[in-house]
Amino acid sequence: MPLHRRIYQFLIIYFLGLSGLMLIKYSVGLSDYVIPGPADVWETWGTVWRRYMRDVVNTLLVAMVGQVISVFLAGLVGIFGRRATWLGNFIKVAAYNVQAYPIVALAPILFILLGDGIFTRLLIAAMICYFPVLLSVIGIMSEPVTEIEHFYRVTGRLRWQLEVKIRAFENLTKLTTVIAGSATLAFAGTIVAEFIAANAGIGYSIRIALYQSDLSKILVALFLIGIVLSIYQGLLEVLGRVVQRTWAGT
Amino acid sequence: MELRCSELSFTYPGTTIELFDRLSFTMGQPGFHALIGPSGVGKTSLARMITGDITGFSGVLETDGMQGLLYSYNLERLPGWSGVGKHLEKITPPGKHSLRDDLIEVFGIRSVTRARFSQLSLGQQNRVNLIRSLLQDFHLLIMDESLANVDEMTRETILLKIKDLFPDTFFLYISYNVIEVSKFCAGILVFRGPGKSPQAVTVPGQDYRIGRTLDKDRLEGTMLEVMNAAA
Amino acid sequence: PTPVQGSEQLQPVTYRLKWLFNVSVAGDLYTDATGIFRKNGLDVTTKEGGPERDAIKELEMGYADFGVASADQVIRARAKGAPVVVLAQLFQTNPLQWIYYPDRFTIHRLADLRGRVLGVTFGGNDEAILRTLLSKGKVGERDVTLFSVRYDYTPFYRKRVDIWPVYRNAQGVILADKLGREGESVAFLNPAAFGVIFVANSVVTAERTARENPDLVRRFIRGLMRGWTEAMHMDNHRAVLYLLQRHDPDTPRHVLDAQLAITRRMIQPTPEFSIGKLDVNGWRQTEAIMVKQKLIGSPVAIEKTFRPEFLIE
Amino acid sequence: MPLHRRIYQFLIIYFLGLSGLMLIKYSVGLSDYVIPGPADVWETWGTVWRRYMRDVVNTLLVAMVGQVISVFLAGLVGIFGRRATWLGNFIKVAAYNVQAYPIVALAPILFILLGDGIFTRLLIAAMICYFPVLLSVIGIMSEPVTEIEHFYRVTGRLRWQLEVKIRAFENLTKLTTVIAGSATLAFAGTIVAEFIAANAGIGYSIRIALYQSDLSKILVALFLIGIVLSIYQGLLEVLGRVVQRTWAGT
Amino acid sequence: MELRCSELSFTYPGTTIELFDRLSFTMGQPGFHALIGPSGVGKTSLARMITGDITGFSGVLETDGMQGLLYSYNLERLPGWSGVGKHLEKITPPGKHSLRDDLIEVFGIRSVTRARFSQLSLGQQNRVNLIRSLLQDFHLLIMDESLANVDEMTRETILLKIKDLFPDTFFLYISYNVIEVSKFCAGILVFRGPGKSPQAVTVPGQDYRIGRTLDKDRLEGTMLEVMNAAA
């Protein structure tokens, strides 16, 4: 999907949402405190967009690193947890359980162990992003591609690396979809991390806006998040296609 | 080395019809053996019992002293991330490089070694798969319609080449072509239609190879024998 | 006590608190539990608050009839044109204070904050209060280190942060108890002691309710204040404790006991004090602080939102 | 994987984690208020486990409903967003953007629009859970199974229902893996929802414990979450196998 | 109706060798036509151009007035969620139920209609796929090695049945079996090896069908002609 189309589609969605809010506001007759009027949002935009843009980019950078880590992690766990052996299952149980613990509950333990700062932010982002990728990777990695693997298996050549390579290759479209899509999760994960843990990034700014009950700022933040994410997502999909093309030679 | 099957009985789980009912045969000598019979009679199933992929049968199935039982079938694929030539290179054991080049040449796939597997025609795919198996160390290679999508002339060239290169190895060639198996195979295990007893009989073939002459009448005799056995 | 009227004649009312069920809502729980609301003809549903809750918004949406909001929330809402009015002020002292270890240093003057690491919730009202304290003590922003505070107290426990914002009557007591068991003593920095008044929880309703349904408002607020008054009375201490334990099972009884004592002083500084009284000067100062900190654009004339008449005859 | 093995593997993981904490506590010499000692945890366990167990079960029930909703939602979006048409892309852009907005930022808007109560809790749980399932569904649904679809396509029989059925069937293992795994996400999502919105469930209890800085209670909660989730996860996997067996007839 | 190809040229993108170089032929009459030639010569490619799956060639390829061009190949699969009988039922257009039952009977797959597709032997799979196509409304059916995994006797029965049932339809039968195509086909398009010009020539076949007698000598003549054309 071309980048510009992705962006104008996002704009449509955003302004549809905004119009919905305004519709409610004016039909029920709500004050600016509950739902800010267009003038208020516009004024807020003028005041904060530069700062928020910097925040979003800051967040994006962390999210990108977090995504790389989490894809790597998911790959590792998926590869080692793909077999129905004791160890495979153990790794899977561990991976699933870590995910079930809401970050908010783990955060204090993380702070004790790691302190605050960029590392905790990264870790939380990675933890939120890794699991969905993991699910796909496990699903893909635990399903044999018999017509290809058969030969390597009977001739004793099917090392795990080859097995993983074959299954990844045969499911390349699915994998790239999931990995490109997980950018969204890394982004949301980073924002959550900033919300509960950091002193920088758009999540942190959102928290402050929330304390101030300032919905206008939140709407501006959501707009910038959406734009930046659309672009990032688009670039990742292009990258995915490039990977597919070069690897599959099509 | 010999392949011996005695009193083999088997029914697929969940089905009611007995696929094999006390099937017995023996292949005592290395060489080119055929398995022929109507579609659905159980050729593939038998092959996969020999290689150990299907278990749960009763009776005896002995691959006496054989190391390396290979099963090659016509739906096998090669990974798609590089050309088939590269893949063949990778799976060539040390010392077999000239064999590989020889096979690529004779099998007629030199021109497509740089293509990915999915870009090959079916017959080309068949041949690449077969080369891959032939490069391995094996005592028995089952070719389950491995050349089903290759034209007759190329197939003949290939069969002669294989027989020439591997005189001391067992081959089990699953095919429908009565002429072909009668001509090239040393022994032909003919599966008979359902309800016939015994289920299979062995007919000796002409075992034609490079340097031998083929007696047309005897070939026709073998063909007749095979068809009679089947009927 | 038995209700004076049949329940079919009770008027349903929703009351949105500011916070979770804990000691700060003792009077609200008490009023409901002892049937005072029913005696006033009201069937009140008391709903817990929380960090994501905003009673003022719920008033406007019609999800709630009455609510509890802090003064800064009210001022902010007025600045954005929300039709909210204030009926009564619950806390006379803001429970939002800073805990510290007195054996490491003490705070006699605001200047003692110089060079310290100060915990603050950026965007929260403790930020406004702390900044006011600093400017009052002529402590520059560069003379201190501000530390962003979150759910987890470890930086304070490990003494990497010198003062940490807590609700004096709730977390303050829990922390004092916890640390006390390990032999650590704690003290609190109360901004009011340095003349910084920032009003906390008040009871609010929508302008329209006050205008169109004065009787309802009167019955509610009078009932509520009566409940609070009874709840704060020493005679009812055990009954309130019991009630709190039911609603807040996570806090041990001895802690609740101490919490209640402290809360009482904040709600009712002297036994004669009439609970609910609006501290007009406090509100003005709160508004002034918010203007100065640019939390609102211009003054909102907050006194105009006061409706003390429902409480006083 | 048999249920009992799943459970004792969880126990191993949990107690490994706990031992790690204790190791830190005693090697650095942290006091009980930073990391509680074993005695403290044990005592807390005795006091709260019954109540917390009820909370966890309460949460589980909501999570189950939320999971059903989100799988359904992901299926819908995945099916309609699988094509590279304008509408397909639009749906995808919308689905991705909604995910990118951290729940914490959307929560105030949700509360304004929906009020509180079970519905908001469900919605938040579903929103957290739906996206990872969606990614897999989109990946699977946008990849044709040519050998099967070809005939139906050329004879004009390939309605979208059949297309979806074929692709789902051919990727049944992957789908069941993802759906069973998404239980974890629904659970975590519900806890987060409770944390910010509800007045019931284990997320609510965790929030209180956090405000009171009571790590012992959090450790107890994590234990119960892990146990209950392991069981639920196990049951779902059994269910997945049953579905596979009956549908695929193997 | 006729199938006409003139001056067709095509090179696969990314490759250098021209697969077709001004290929021309015509099939003017309905009936059984063959496409024969060595593996890799471009039979499948040509078939997929006729059906419109491959585009980007130059020249003319006309399927004059034909409605319903079907392409059936031997790797097709049926969905796995119910038995093949059920699937066949589903795709049978109204009024063709007795045709379906007839085909199931003659093609010899009655005994496996309750099995899932993956449980069938290769030859059984081939036959089910073919039945499926035959039940549709079509003017041209391309059978790309559709019967490659079916034994000779069954195949003969099937071909005769098809010719009997569909006398007015075009069939394009891709096969390697010189005897078979010579015997059953009306016209045989023989692809010649690489570098030969013209690339393909048409040889008339014996068009054997039920109720006709087969002249052995003329069959051998056709076979010779085909082999000469190919060489």
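Labels A, B, C, D and E are assigned to the chains in the order they are written; within every chain, residues are numbered from 1.
Methods note: a contact is a pair of C-beta atoms (placed from the backbone, for glycine too) under 8 Å apart; a residue touches a chain by one contact, two chains touch by 3 or more.
Note that the coordinates shown come from a computational prediction; the quantities given were computed from them, not determined experimentally.
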Legend entry - Co-neighbours of chain D and chain B - touch as defined: A, E
Inset, instruction - Compute the centre of every chain as the mean of its C-alpha atoms, then state which one is farthest from the centre of chain B. - result: C
Legend entry - Averaged-CA centre spacing for the pair chain D and chain C, given as whole angstrom: 36
Legend entry - Whole-Å gap separating chain A and chain C, where each centre is the average of the chain's CA atoms: 38
Inset, instruction - Return the distance between the CA-based centres of chain A and chain E, expressed in whole Å. - result: 51
Legend entry - Multi-chain contact sites of chain E, meaning residues that touch two or more partners: 75
Inset, instruction - Please set out, as single numbers or ranges, the residues of chain A touching at least two other chains. - result: 34, 104, 108, 112, 207, 210, 213
Inset, instruction - Any chance you could list the residues of chain C touching two or more other chains? - result: 52, 54, 57, 61, 151-152, 154
Inset, instruction - Identify every two-chain combination in which the chains touch. - result: A-B, A-C, A-D, B-E, C-D, D-E
Legend entry - Parts of chain D lying in touch with chain C, wherever the complex brings them together: 30-34, 48, 51, 107-108, 111-112, 115-116, 196-197, 199, 205, 207-214, 217
Legend entry - chain C residues touching chain A - in the complex, by the definition given at the top: 52, 54, 56-57, 60-61, 73, 76-77, 79-83, 121-124, 148, 150-152, 154-155, 295
Inset, instruction - Report the residues of chain E in contact with chain D in the complex, numbered from low to high. - result: 51, 69-72, 75-82, 91, 116, 129, 132-133, 136
Inset, instruction - Flag every residue of chain A that touches chain B in the complex, lowest number first. - result: 147-148, 150-151, 154-155, 157, 165-166, 169-170, 247-249
Inset, instruction - Write out the stretch or stretches of chain C touching chain D in their complex. - result: 20, 47-48, 50-54, 57-58, 61, 63, 151-154, 157-158, 170-171, 174-175, 178-179, 181-182, 249-251
